[in-house]
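In the two complexes below, subunit A is the common chain; its partner is subunit B in one and subunit C in the other.
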Partner chain A sequence: MKQHILISDPTLRDGNHAVAHQLSAKQVAVYCQAADKAGVPIVEVGHGNGLGASSLQVGESLESDEVLLTTARKHLGNSKLGIHVIPGFATIQRDLRMAIDWGVDVIRVASHCTEADITQRHIGYSREKGKETYGVLMMTHMASPELLVEEAQKMELYGAEGIIIMDSAGAYLPADVTERIAALVDGLAIPVGFHGHNNLGMGIANSIAAIEAGATMLDGTARGFGAGAGNAQLEVLIAVLDKMGYSHGVDLYKILDAADIAEKEIMPLVPVIKSESVVSGLAGVFSGFSKHVNRISKEYNVDQRDVYFELGRRKVVAGQEDLIIEVVLDIVKRRS
Partner chain B sequence: MSKLRVAILGSGNIGTDLLIKIQRSEYLECVLFIGRNLSSPGMAKAISLGVKVSDQSINAIVKDPDCCDLVFDATSARDAQHHWAILKKLGKIVVDMTPAKVGGLCIPAVNLNDSIAQQNVNMVTCGGQASIPIAYLIGQTHPDIEYIEVVSSIASRSAGPATRLNLDEYIETTEEGVKMFSGAKRAKAILNLNPANPCIDMQTTIFAKVAEPNIEALALAVEAMVKNINSYVPGYQLLVSPIYENGRIVVMVKAQGLGDYLPKYAGNLDIINCAAIAVAEEYAKKAANPGAVTFLAN
Partner chain C sequence: MKQHILISDPTLRDGNHAVAHQLSAKQVAVYCQAADKAGVPIVEVGHGNGLGASSLQVGESLESDEVLLTTARKHLGNSKLGIHVIPGFATIQRDLRMAIDWGVDVIRVASHCTEADITQRHIGYSREKGKETYGVLMMTHMASPELLVEEAQKMELYGAEGIIIMDSAGAYLPADVTERIAALVDGLAIPVGFHGHNNLGMGIANSIAAIEAGATMLDGTARGFGAGAGNAQLEVLIAVLDKMGYSHGVDLYKILDAADIAEKEIMPLVPVIKSESVVSGLAGVFSGFSKHVNRISKEYNVDQRDVYFELGRRKVVAGQEDLIIEVVLDIVKRRS
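Coming up: the complex of A and B.
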């Protein structure tokens, strides 16, 4: 009997990036019902950058956090309701306290891969309230395996019950994942997970590399619905895990059905790896930037690919969407 | 003219950088540099500058109440509240660098004169010092502001342990200041830490949703404001003049530090310290004028 893998499904959170945070309550309800039926253990819901992140910087949500989370709560039976929380966007008093009142079960507190110490109070609060609490390191291709272990150990110390590393830019190849996950499994006493993006077509391959290296938690979304090129595709992941003999508790037929429902009900476009997403992955830029880069580049008539490489050169992190305008204006200025 | 005698309470990065700035001031003299540990790097710096030091925290002032006229409180919000209870009775002016908010919020380019009528002024936050002057101008040029959002990105290495632990307080205080000075109905503050090496300069973007954008009037006002701020923060620069993009006003500024005690990229720490010096010097000018110094109740 092979290892059990804990599946978390952020279709209704990461996918919100793909529709500029315009997921409606009705769409949340429909997908929650389908995912719940399929036995998905954790369904993550919210603005693309998580709780309290609706903003001009990242994009304003169609629905408030309250509507998104209370709607999801109503339509999830066995599945747990999860949220993504980035300190610097979400505060404990304004956001996290309320989310707990609305009935979330799983709280994943995230920071840029080198900034774990900003998660201390949010992780502590979540544990204090008895919630299942994970630490999430984002944009992890920007840190060495050794540094990632140090940062993850801080989150472990603050009380995280597991650590998920995100390939937020879709920049990893399988060997990169193997090296980092192995180091984390070795350096931590708590479970390790992986959240893959698909810019270089490695979403599933990287997820498999992660569990072969000892990870026991994986994220995936229906049809890969998510920021930029999209995420590891959940229904494919489930099929591959079945084929490899891992246990996960998700029903294959029903998750395939859920993906069909998601495609029909929540996706204006099924994610494909667009040309600019390949460049975004190569440049190591946060996938959530894609809609902004696309819009602003067109407005000022500059080549998106130049914008991605410049953003990559400047080592921008998730949350620095305002820099896109500056980079575009800078390219315009240099051209004239 | 005799200088105003000041004490610095808190020997961390902020306190030590303030000390170096005060050495250059025509109006201020640091008579006592106070911490809790004589072997800290800040203390060593103060000793090397020949400044009198104490490791007795607030008791150093309680024991010798006549030692100074003004106190920079660069400790923590919690300690600053406790210190104020004591310093108020001793009649000291307090320039509060923490988000304790016992005094009125002070942005020198906007409300310097009102500020020095109070015995305790609060320097808001670094992001607030960078963004609020622009938010204020958006308020001056637009009667109806639905929403203002301010986003600051700072170099990871410029964010010490206290900043990291107090992100929520940073956000709350900055939002309060933005709303108060701009008149916006809603406000949001976001802070990003960027670990890139070489370190990034502090950069702040101000977004606004308004009924009728008046970019021309705003651009003129912003240009004048940047000059005004440059009189106390030389490294404050306009990066993107006001534009109207995707239904929102966007203005971007950056702050480079002077590189006193802290590296130049730490513009976030420099801007709040420069602002604090500016207000302290204004107190000094007022004290130098004949006539009793009276304060509004805090």
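Coming up: the complex of A and C.
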């Protein structure tokens, strides 16, 4: 038996992106029961952008954080309840304090890959309250391995008990993951994890590359439920880990059942890799840009693929959606 | 630029499995036009089990081989027209001779991984007629690398100009592919190719492992169209090959367009990795067993997953569907 892998399941958080944050309390209850039965160690729940993110700007949740988290709490027995926390969306005094009151076990404090500084106070608070605390770096294909290590070391210094890097745009190939995870394992004294997306069909392969490079934590969602091409598909990941002899504590048959239940009860559509997801993954652009890219490309009759590749060249990050119109107008100008 | 990869696209052949061989002439025409425009080198067309396979036993085609192939011929300009030929289904005098008359360019003669002997006469005939001729070994996870090399060498001796190994059950992880392709590249003087399925989410990763181990031919289908979890997804594969710097002659934007057209015009459903596909891949059982496993498992109220794993242990191959009932009755007996 090889090393133990800690599985965290953000079906009810990343999946919320796929339904414009409209997951209901009933859906949360049903999936939590199934995941708990399967022995999933951590079930992450919330708005797609995490705690406190429900807003006009990034989308309003159907249910409040309180309903989402207290419902999950009620239906999780052995599984720990996790949350995704982006400082800026989630305040300490309003959101984090209450989430802890509602019974959250695991707090993952996340920032853009070059902005670990903003996580210091949230990580500190979570540790102070005795919660299992991780640092999460998002859109990590935008940073060099060296820079990622520096940012992760900051989180370690702040008190994070482990670091998870996210391939938020689904831009990595396995060799990219190997390089980054190996650098992190080398540069940190705490465990390293990987959260993969499937834009280039590498959700599972990248996750396996991560653990072969020394990562000991992986994220995956039922049927890959998530925005666009979706996440690493959890039940497939469990099957592959079983085949390779990694221990993880999740029951294969029961996680297959949980995925069947999730497909039936919470997914309007199972994620597939559409052409747009391939392009956004190749360009390294976050899937959150999709709606705007689509609309503006159509309005000005330009090829949305050209827009993605230009946005990728400009290294846009979430919050820079206003650059889309600039890029589109540039393409129109060059054409005429 | 790294080595050139020869792409073959069996969307209109392996995809026929996904619709019980009901692809229409109109659908063949539409997809051939799109694939031809994208510069796909070889477009493979036919019944899921290849030339001459339409029958009550494995399913009757909506269209005859003549209609499928002459329609494709009419709509392919630069792309070559390929066929999958399993001796036993396809006779030389009736089927192969006519297919050549209908204008087929590329003939791939296939057998179970341990039965290359049956391909000798078909390969010989195809070469005699001056056609581009390949040997194909199916269900190759059931043979050791050494045995695969021996079987492939037979095909080489018969005159095959290249050997493609298929992961028909979607059972491989990348390391399995690397080992087998490296052995074949080492043991043959002709090019080696790989045809992947996605049961364990490794369709793309296994294809990349194959070319990194020295393969120079890859198969993929639009949106992964194929039975169960489907094939390596062609447009994703092209994107990844582009990202890695391999040349292949396929236009990225136009193959994305072709995949969009295929999804709209020929697929009732885009393949996703359902729980059953995970299990059949893990068990190493061909997806053709699915219908029967489902029916008989339900009839006797046994868990179909137990049936798959037991079939896998017994190393069943296509044609041994009568073993399902034996396995199910054994499970029932053990239970009582």
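As a convention for this text, the second predicted complex is superposed on the first by the 298 of 336 C-alpha atoms of A that agree within 3 Å, B and C clash if a C-alpha of one lies under 4 Å from a C-alpha of the other, contacts with A are read in each partner's own complex, and residues count from 1 in each chain.
By our rule, a residue touches a chain if its C-beta (ideal position, glycine included) is under 8 Å from a C-beta of that chain, and two chains touch if they have at least 3 such contacts.
Fair warning: this is a prediction, and the values are worked out from it, not measured in the lab.
Enquirer: Under the stated touch criterion, which partner chain does A:Gly201 make contact with: subunit B (first), subunit C (second), both, or neither?
Expert: Touch partner of A:Gly201: subunit C, not subunit B.
Enquirer: State whether A:Gly226 touches subunit B only (first), subunit C only (second), both chains, or neither.
Expert: A:Gly226: touches no partner chain.
Enquirer: Considering only the touch criterion stated at the top, classify A:Leu329 as touching first (subunit B), second (subunit C), both, or neither.
Expert: Touch partner of A:Leu329: subunit B, not subunit C.
Enquirer: So in the superposed three-chain picture, is A:Leu256 touching just subunit B, just subunit C, both, or none of them (first/second/both/neither)?
Expert: A:Leu256: touches subunit C, not subunit B.
Enquirer: Who does A:Arg314 touch here: subunit B (first), subunit C (second), both, or neither?
Expert: A:Arg314: touches subunit B, not subunit C.
Enquirer: With the two complexes superposed on chain A, say which partner A:Ser55 touches: subunit B (first), subunit C (second), both, or neither.
Expert: In the superposed model, A:Ser55 contacts subunit B only, not subunit C.
Enquirer: Given the touch rule stated above, what does A:Arg295 touch, subunit B (first), subunit C (second), both, or neither?
Expert: A:Arg295 contacts subunit B only, not subunit C.
Enquirer: Check the residue A:Leu282 against both partner chains and state whether it touches subunit B (first), subunit C (second), both, or neither.
Expert: After superposing on A, A:Leu282 lies in contact with subunit C but is clear of subunit B.
Enquirer: Quick check on my understanding: which residues of subunit A belong to both its subunit B contact set and its subunit C contact set?
Expert: In the superposed arrangement, which is not itself an observed complex, subunit A uses no residue for both subunit B and subunit C.
Enquirer: In their shared complex, at which residues does subunit C touch subunit A?
Expert: Residues 173-174, 200-205, 208, 223-224, 232-233, 235-237, 239-240, 242-244, 253, 256-257, 259-260, 263, 270-275, 278-279, 281-282, 303, 305.
Enquirer: List the residues on subunit B that touch subunit A in their complex, please.
Expert: So the residues of subunit B in touch with subunit A come to 147, 149, 151, 153, 156, 161, 164-165, 167-168, 171-172, 188, 190-196, 200, 203, 205, 207, 209, 239-240, 243, 245-246, 248, 250, 252.
Enquirer: Inside the complex, what are the residues of subunit A that reach subunit B?
Expert: Subunit A reaches subunit B through residues 55-57, 87-89, 91-94, 112, 114-115, 117-118, 120-121, 142, 295-296, 299, 314-317, 319-320, 322-323, 325-326, 329.
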